[in-house]
Structure formats: C-alpha cells, structure tokens
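Quick heads-up: structures coming right below.
In the two complexes below, chain A is the common chain; its partner is chain B in one and chain C in the other.
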Partner chain A sequence: MVAKIIQIILSPILALIVGVFFLGLARKIMARIHWRYGPPLVQPVIDIIRLFYQKSVSHGRMFDLGIVLSLAGSIVVVLFLPFGRICPLSSSGGLLVILYIMLLAPLGMALSGGQGANPNISIGISRKLILSLGYEVPLLLVLLAVMTHYKTISIVEMINVQQSSNWSIISWPLFLSGLSYFLILPAILGIRPFDVSSAPQEISSGSMVEYGGKYLALATIEHAFALFISIALFVNLFLGGAANPVIFFVKMLVVFVLCLFIHAVFPRFRIEQAIKYLWRWPTLLAFLGLIIAAATRS
Partner chain B sequence: MSLVALLIVAFGGAFLTYFVGKISPKLRNCLAVVVSLLLVVITALLYGKSPNVTFYPGFLGIPLILRLNMLSWFFAITIVGIGLLSVIYSLQYVKKEERLDYYYFTMLFINASMLGTVICGDLISFFIFWEMMSWSTYLLISYKGGRAIAAGFKYIIMSIIGSLAMLVAIISLYTRFDTLEITALASQMQTAPIDYTLFILILFSIAFVIINAFWPVHTWLPDAHAEAVSPFSSVLSAVLVRKGMYGLYLFMYVILGLNILNKLSAGIISFNTVFCWIGAITIVFAALTALLKNDSKRILAWSTVGQGGYMILGVAFATTLGMAGGTFHILNHCIYIALLFFVAGAIEHQTGGIRDLNSLGGLIKRMPVTFVGGLVGICGLIGLPLTNGFVSKWLIYKTLILAGHPFLAFAAFLGTWGTILYGYKFIHNIFLGQLPEKYKDVKEVPFTMQLPIILLTILVILFGILPGIPLKVVDAIGTSLGFESLNVSIWWGIASESGTLNTINIFSAVLIAAIFVWILFRLGAKSVSVAQDDSYAAGAYTPVDKYHYTAEFYNPLYRMIKPFLRDVIDEFYYWIASLVRSLANSVRHIYNGDVGYYVMYIILFLTLLIFVQVRWKIW
Partner chain C sequence: MDRNKIAKWLKEPAKMANKYSLHVIYFCTGCGIIEIPPVITSRWDAERLGIIPVATPRQANLFLITGYVSVKTLRAIIRTYEQMLEPKYAIGFGSCPINGGMYWDSYNTIKHLDKYIPIDGWIAGCMPRPEAIFIAVTHLWTLIDKGMANGYIRYRENYEFYRRNQEMALGKLDWPPLYQIRSDVKAVENE
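The block that comes next holds the complex of A and B.
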C-alpha cells in the first residue's frame, strides 16, 4: 500500500521532469541544427517559475477550469502508463481506459480556449480536432493490431510478453503497425510538419493565444506531460517497455531525438495535406498490419 | 392486477388530461405531471415482481395477456422516467403554443402505448400497442406544421412498412402454432424448421430495424427528430426509437433463444455478423454525416442513429459482456440524449427558435446550468471516463477486441472520434466564443425546464462513477435471457477474467489531480477578468459580432469527406417516392372523375367483350 502511494506520487514527478527536460533539450538541439548556441537546458523551468509570478487575464470560469482539467487529465494518464516498472494504476481497464483518459487533456484545453473568444483559438482547435481525427485513424488501427496480437487490453501484460520475447516492432506480425505508429508520431506530438494547430506565424499559437502568466505556465507543464505520454506509449507498446526507469528513459530519448530531427528540417503542412498524408501511407500500413495481426491470431 | 392498474392510469390519464384541458389549462398541466409521476411510482414499485394477468379473455378468440419481467421493467422505467421529465419540461416550453390539450394528450398517449408494448405478453396486444404508438407518434411529430408534416409523413410511411412486415409474421405464426402468447411461442419455435424461423426473424427484423433507424433505413429519423417539438424529440430519441431494441431482444433472445440463433449461419455469414456489420456501418456513416450538419437538433438526431449501432454491436454479439454493454448503452443513451435534446430545446426556447449553430455563441455566460447539462451530455455521448457512456462503450469494445473482431472495433472507435468532433462543435458554437450582441439579454431557462436537465446531468455522472447500480439490473436481464452472470460490484467495478474496470479509481485519481492542480493555480499570481472583446488580435481592429469563428468549423475536412457522404439511400427512397407519384399521376389521367369518360370506358370494355365473343366464340 505504501509502495503504491509512493509510486502514485513519484510517477507524475518523474514524468514532469522528463517532459520538461525534453522541452529544454528540444530548444537546444533545434538551436544547434540552426547553428545557434541556444538557451540553457533549464530555460523551461525558469520560464515556468517566472510565469507563475506574472499577471494574466481571465476570460471566465470555463477559461480557468478548462486548463485545470487539462493538466489534471494529463497527470491521470501518467498514473495509468507504466514507466519502467512503475505503474501505479495500470490494472484498471488497460489500454482502452488510457485511450479515453487521453481525451481529457485536449478537451480541457479546447473548452478553456473556447471561452477565450478569439478566432485564432477557434481555428487552432478546429485544426487540432481535424488533425486528431487524421492521426487517430491509423493510431486506432495500430492499437487494435497490438491488442489483437497480444489478446489482451492490459498494457502491463503486453510489456511482460515483450520482455520475455521480442519487442513488438521487430516481431514480424506487428512490424508494419510499429512503422505506421512511428510515421504518425510527429502528428501526435504536434511538431513539424504537423504543427498546424499551434502554427505561431499563422494563428498566433492557436489555442494558447489568450494565455499569459500562470495559464501559460500550466499549459507548458501540460505540454511537457503530453510529450511524455505520447512517447511513453510508443515505447511501452513497441519498444518493449523497460525493466527499470533508466532504460525506459533512454529509449524515450532516442525516439524523441529522432522526432526532433524531423521537426528541424520539415516545413509545415497545410491541414488538408496533413490529412491526406495521414490517411494514405500510415493508414495503409496500419490497415495491412491489422489484417496480419488478425490473420495470425491463433 | 397492478399491471392493469398501470395501463388504466396511463391511458385513462391521457384521456382525462384532454377533457380537463377543456375546463382549465392549469389543472390539465398539473394532471399531466401527476399522471406521469404516478406511472413512475407504480413502475418503480413493480421492481423485481413478475405478475402475469390475462386482461381480456378473448379478442377474436385470443386471450390478451400482460406480464412483467426484468427486461420489460428495464424498458418500462426508462419510458415512464423520460416521460415524466419531458412532461415537466413541456410545462414552460410549449406554453405559448396552440392546441395544448391535443399536445398533452398525445404525449401521454404515446407513453401509455409504449408502456403497453413492453408489458404485454402476447403478440396481438404487442401489435395493437405498437400501432397505437406509431400513429400517435406521427400526430405529434407533425404537431408544429410546416416542415414537420413532411417529416411525419416520411416517418409514418416507413413505420407502416415495418408494421406490415410484422403483421404478416404474426398471422403466419398464428396459423402455424395457433397461439400468440410469447412464452408458448418460445417453446413451440424450438421445434420449427430453420428456414421458417429465418423467415419470421427477417420479417420482424424489418419492423424493428426501421424503428431503430439502422442504416439503410435510417432516413426517417433525422427529419423527424429535428422537426418535432424538443421535449418530444427527447422521448423519440431516448425511448421510442429503442422500442426497436426491445423488439429485437424479444424475438432474438426471448422467443428464439441462443440455440436457434447460433444455428442460423452459413459459412462466415451468420445472423450476428449481419447485424454487427449493419451496426458498424451505421456508426461510421452517422458520425461522419453529423459532422457536416449545422443544426443543433439534427446533429443530435444523427448521433441517435449512430449510437444505435453501438447497441446492436453489443447485443447481436451475444456474449455476456457484449449483452451487458449493449443493454447498458440503451440506458445510457436514453439518459444523455434526452438531456441533450432538453439542452438544445432550452437554447431554441430562449433565443427564439434558433437551431443554426453558426449564429449562436457565448451563451455560457447567460445560461450556465444549460451549459453544464450540455457539456456533461456531450461527454456522455463521447464516452469520456466518469460519464455513463464510457462504461458501456468499454464493455462493447472489450467484447469486440477479445472476440477477435478488430475491424468492427475500429468502426466503433472511429465513430467515437467523429463524435468528439461534432460534440465539441455543438458545445463550442452554442456556448463558447463571443456572445453576439442580439443575445445579450438571453436569460437562463425557468426552473421547470432546468429541473430535468439537472436531474439527468446528475444521472450521467452518477452512473459513470458507480456503474454497478444500473449494471445490477442489466445483469439480471442478461441472466434471465440465458447468459452467464457478470461479476459486478457496486464499489469495485466490473471484474472479468481479463482485467477489471474500476471507475472509482479513475474518479479518485481525477479528483485528487484536479484539486492539486487547482491549488497550484490559486497559488499563482492573480488574474484579471477582462471583457470578451478584449482579446489578442496582433493590433488589428476587431469587428464586433463577427469575432466568433464557427461557420464551416471543420471546413478542410468537409471538403475531403463530403463527396463520399451523399446519403444515396435517402435519395433512392425519394426516387422511388417520385416514381410512385408519377405513376399515380398517370393513373389519374384515366380516373379523372369525369362521368363521360367512365361511360366511354364501359362502352369500350363492352365492345371488347362483344368483339372477343364474335371473333373466337369462347363463352
């Protein structure tokens, strides 16, 4: 019981540290690719602390509650996701529950932004929702392939099987699915070429435009969690999870840096182009992957 | 005897309300509420009892029977519950309309006849109540006149086709088995040849699939639901459409039973897979179509079509989990869709009949209670954790995945993600964004309209956090139909051989996390409240009243999916209708009502006869 409570407290903190570290790392690596020196690694931490002390504007009750719901939703997802062997709540409902709780964060953000009453926000949210429909099609096919292959909806069991045999991505029934997942990972993370919903130059960061002060701080923390969640899910499902948090972190780091390289060199898609891409190759691969997984299911 | 009392109160109350309305409108309103409340009380008291009475000894030599079991109690309580709430809601909603005696009478009459269909114990009374329900529904759909008349007409034509199919089946059953009592039929059907069973099942399915509005016979529903009066849209969408599900339960599981259903298969095509794929197509088609709609009630109507797909996916699968999921989804859908129609009705009522999502906005500040109701309802519709819709969808998904039908599960998931898009659009375009100048003075709805919204909101969340309470009833239905018992506990969630779902865990996690973040939020520097037009526009001038981006909210997606989403089926039906109409028109040239022509026809016919006789001498 005590061990469980410690895990419950520990896992969001670890996730936050990893997420914020990734934010800092992203700026550093991007700067280096651009031949700049870049801010120090702890810059996001400094920013978050500073933002908490700054003045901000509020557009109403839902504007406040939405951001709180969003961050709370992210924290809850972390509790359901195994981080190495740390998985405090993963026994309740498995992958299906994770999939659904992952909706709380964007929904909170959308509700909060919605009350911001700024057209940039509405455009950002509408793009975000369209994009999410775009990547959910292949993502759901991929997740179904995984669940069909392992005949369980429990993420912990999937990791156990992978630990005792191969990683999913190099076991042939799931190879195509894994590949498809990696192809849509930039869209899930919302980085280039899929940063249509934030797009600072076009729509002033979309749903973030009205945020300042503590709102922006909470939104940044939420962003850090979101980075952690998307990558951790990929690592858990396809790269075999990990026996301890350190190896897990290393795997996440590799995936994240790969995504950053894509981010650094690609220009932005328009939303139609993004959907066309997502519904073509990744969906085709994921579809084939699901057929294989269903056919080889004994 | 109490079943007879139930029917007497239901029908008697309806007629009494009509006549009292001629004397005093106030008294009529009170009476309508009292009758509905009385029905709820009687039905609630009947929980767990299984009376069986013959209320009419010989109708054409067939005894008419009333009986109650867990299945019919489940449907009965949803009927009377939603009936009560919609009558309460109507009090203020229809206040300014005309012909209110007629309105309340039909409303109560529909409730009474729906109640009749679920508590009757033989097919002849089932058919009678069914027809009463169809016709009175037609009357109430067209109550508002105008476009509503066309919608009602569409409904009644499709409904009659279904009823005729059912009538053929009932007559066939009677001539073959000489009884129409459901329990007797259930035992007789076990020995019937398989092709006859299939014949009966298909005929009945036509009737129930039409009323359930599954693809490809969904076309009546969006029109009817959108054009009906909002309180009645709730009844239509929440309970009346689901009478089709009751019918399917009755014929698939009560009369035929699992043994026979399992025999009805040829290769991979079995009765279950046919229904499952119909369900899957319904889900995806409806979800994507709803995305394109801009009318608040039409969106909800399409979502009703789509959610029916989830029910049939669970129910047709015929496993313990699937059955529980499907049955529970019927209840959940009933709760949140009634709530959402009340919300849409409240908006319509307060803004002077506006249903166009593109012209609303910012109403959260004026109608907070309605907003909370709408938000919770949409969350339930999406199936977000901690709302009731989540639990039933979880059960259905799990059934599909564990049984190895990932493509069906994919259709179900895809439908959910479509739901998120149109659900958010519903919330955003009505309540969020900027409040237009013309709605500055909109007020929250009066208390009698708030009450149903508040009650249903509480139910959505209560059943989401403690799904064990309704699942006890759902489980009892499952076991009475011959399925295994589900391991449900009120406090510890739903256990099954592969993983449990513990909503209490999720609830406490969300609650604690939210409190923690809230404290963090309060600790930060204070924020200043600003007016709605005081927002960032990069220094540009911000035109008042045009500052709410709602029109064509998902425009890029529209352009991509619209060509694929023509409702070909609806166009096909209209084509048939126009064909029939032109045929009738050409017939009218012959029967033109002019006596001279008729005399000419007679003479021509006699000439023909004489000619034939003279030429061939056949007589």
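The block that comes next holds the complex of A and C.
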C-alpha cells in the first residue's frame, strides 16, 4: 500500500524530469545541427522559473481551468504508463483507458483557448483538432493490431511477453504497425513537419498565443508530459518496455533523438498536406498490419 | 553553469531567471531588423545566452525596437508594450528611436521614443553591429542585478505623463488606460 502511494507520487515527478530534460535536449541538439553552440541544457527550467515569477493575465474562469484540466489529464495518463517496472495503476485499465484519457489534454487546451478570444487561437485549435483527426485513425488501427496480437489490453502483460521473446517491432506480425506508429510519432508530438498548430511564423504560435506567465509555465510542463507519454507508449508497445527505468530512459532517448533529426531538417506541411500524408502511408501500413495481426492470431 | 552562480540562484531566483531567459519580441519598425537574423541564427547564436525570439507579446519579456518609429507604428508599439507581462524590459536599437537620427526633421516619425514608452537602454549607431546587441544584453544583466532595469515600474508610476504624450502624438487613443489615471496628481516630467 505504502509502496503504491510512493509510486503514484514518484512516477509523475520522474516523467516531468524526463520530459523537461527532453525539451532542453531538443534545443541543444537543434542548435548543434544548425552549427550553433546552443543554450544550456537547463534552459527550459530557467524559462519555467522565470515564467512562474512573472505576472500573468487571465481571460476568464475557463481559461484557468482548461489548462489545469489538460495538465491533470496528462498526469493521469502517466500513472497508467509503465516506466520500467514503475507502474502504479497497472492492474486497472490498460490501453483502452489511456486512449480515453489522452483526449483530455488537447480538450483542455481547446477549452482554455476558446476563452482567450484571439483569432490565432481558433485557427491553432482547429488545426490541432484536424491534425489529431489525421493521426488518430492510424493510431487506433495500430493499437487495435497490438491488442489483437497479444489478446490483452494490459500494457504490463504485453511487456512481459516481449521480454520473454522478441520486441514486437522486430517480430513479423507487428512490424508494419510499429513502422506506422513511428511515422505518425512526429504528428503526435507536434514537431516538424507537423507543427501546423503551433506555427510561430504563421499564426503567432497558435493556441499558445494568449498564454503568458504562469499559464505558459503550465503549458510548457504539459508539453513535457505530452512528449513523455507518446514516446513512452511507443517504447512500451514496440520496443519491449524495460526491466528498469534506466534502460527504459535510454530507449526513449533513442526514439526522441531520431524524431529530432526529422524535426531539424524538414520544412512544415500545410494542414491539408499533413492530412493527405497521414491518411495515406501510415494508415495503409497500419491497416495491413491489422490484417496480418488478425490473420496470424493463433 | 558557473559554480559561484548557484548561491545567487538560491538567493534571488527571480532575478537570475529574468536575466538568463530573455524572450525577445523584435519589432520590425525599420531597417534595424536586418541585423537580427544573424544574431539569432548560427553566426552569433543568441540562444546560448537564453535569448530566443517569440511570436507574441504575452510570452516576451524583452522588447527590441529596431529602427525609426513612424507615428503609425507608435500605436502598435504602445499596444505591444502594454500587452507584455511584468517584469518587462525595452531596448531602443539604432539612433532613430534615440533622437530621430537621420529622420530628425521628418514630419512623420517620432523623435524621442522614451517620451511614449519607458526604455531601459539604448544601442546607439546607424547601424549598430550585431555584437552591440550582446553588449546591450550584458548591460541589461547588470541593470537587472542592481534593480535599475525598472522601466515597467516607471511606466506604472508616471502613467499620466506617458499617456498624455501618447495622446499628443496620436490624437484620441481608442483603448482604455492600462493603469488608473490619477487626475489629482500632477504629471511628472521625464528627464
């Protein structure tokens, strides 16, 4: 009982540290690819401290609550995701619950932005929802294939099977699904070429345009959690999870750095190009993967 | 990070974080903006000092006014400055915002920007080199350390003065005052 409570407190803190570290690492690696020196690794922490000390302007009750809802949704998802062997709520729920609660974060941002009454926010939110329509289709097909193959919705059991045999991305029935998840990972993370919803040059960073001070700090923390969640889900489902947090972290790091290389060299899609891409190759691969997983099910 | 900075961080986290996380909103009023791309990209790399450009005044805490200020852009500058969140710093870049520069006798430009919004520091020159921005930033660090980068406090305290000057330049302003105007207090003259 006490161990479980400690885990419930520990796992969001671990996720936050990993997410914020990733934010700093992203800026450093991007700088090195641009042949710059880059900011210190702790720059996001400095930014967050600065933002918490700034005055902030609210635009109404929903503006405050939406961002809190989004942050809370992210933290709850973290509790359901195994981080190495740390998984406080492993016995309940599983993939289906994660699928439902993952919707809370963008929903909260949309509710909060709606009160902001800035036209850039509406454009950003509508782009974000259209983009999520784009990647939810292949994502659902991929998760369906995984659940069909392993005949369970529990992530912990999937990890146990993968630990005793092969990682699912290098075993044949789930190879296409894993590939498809990796192709839509930049869209889930909202990085280039899919950063249409937060494009600073086009729509003044979209849904973030009215956030300043503490709101921006909370939004940054939420972004760190979102980074953690989508990469940890990939590692858990396809790279075999891990027996301890260190190996898990290394696997996440590899996936994230690969995504960063894509982020660094690609220009931005327009929204209809993004949808065209997402509904063509990743969806096709995910669909084939689902058929193979269903056909080879013993 | 420097080891002797840690004590400073523990003592005054707000000051240190303000120093090392300057999110800049660059205002492309005039020709000075051409010096900004080399500053933020690989040639001079301002990001190693924590200086990055942001797209919206809500996220920014440093306002860099680059080049001459025409009467029309003054309106946008005031709106942008008032939308930024405290603590906020403003820097005038180039000689035109200081005293009009080569537009000293133009009918359509503002000669002294610090009559309309408070400026924490100036970068003189026509044009200043990109290195001058880094010198300005290190000076701004010193000012923040000493608590002398207090433009936003001066704006709050002398709001009547600034508002009156703004109204003289722009006619009637179509936005409400940011702070309460104390009619019984005589407007303070700025040096």
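Here is the rule we use: the second predicted complex is superposed on the first by the 298 of 298 C-alpha atoms of A that agree within 3 Å, B and C clash if a C-alpha of one lies under 4 Å from a C-alpha of the other, contacts with A are read in each partner's own complex, and residues count from 1 in each chain.
The working rule: a contact is a pair of C-beta atoms (placed from the backbone, for glycine too) under 8 Å apart; a residue touches a chain by one contact, two chains touch by 3 or more.
Fair warning: this is a prediction, and the values are worked out from it, not measured in the lab.
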Partner chain(s) touched by A:I29 [first = chain B, second = chain C, both, neither]: neither
If touched residues of chain A are counted for chain B and for chain C, the larger one: B
Touched partner set for A:I46, first chain B, second chain C, both or neither: second
Touched partner set for A:L216, first chain B, second chain C, both or neither: second
Which of chain B and chain C A:A72 touches, first, second, both or neither: first
Which superposed partner A:Y37 touches (first chain B, second chain C, both, neither): second
First, second, both or neither for A:S56, with chain B first and chain C second: both
Contacts of A:L284 with chain B and chain C, given as first, second, both or neither: neither
Chain B versus chain C as contact partner of A:S204, first or second or both or neither: both
Doubly contacted chain A residues - partners chain C and chain B: 53-57, 204, 209-210, 213
Complex contact set, residues of chain C against chain A: 1, 13-14, 16-18, 20-21, 23, 41-42, 45, 47-50, 52, 54-56, 58-59, 61, 84-87
Interface residues, chain A side, partner chain B - complex: 12, 52-60, 62, 64, 67-69, 71-73, 75-76, 79, 89, 91-94, 96-97, 100-101, 103-104, 107, 110-111, 114-120, 122-123, 125-127, 129-130, 132-133, 136-137, 140-141, 144-145, 147-148, 151-154, 204, 209-210, 213-215, 217-218, 270-272, 275-276, 290, 293-294, 297
Residues on chain A engaged by chain C in the complex (per definition of touch): 27, 31, 34-40, 42-43, 46-47, 49-50, 53-57, 200-201, 204-205, 208-213, 216
Residue ranges of chain B in contact with chain A within the complex: 362, 364-365, 371, 375, 379, 382-385, 390, 394, 397-398, 401-402, 404, 406-407, 409-410, 413-414, 417-418, 420-421, 424, 427-428, 431-434, 493, 498-502, 505-506, 509-510, 513-514, 516-518, 520-521, 523-530, 532-538, 547-550, 553-557, 559-560
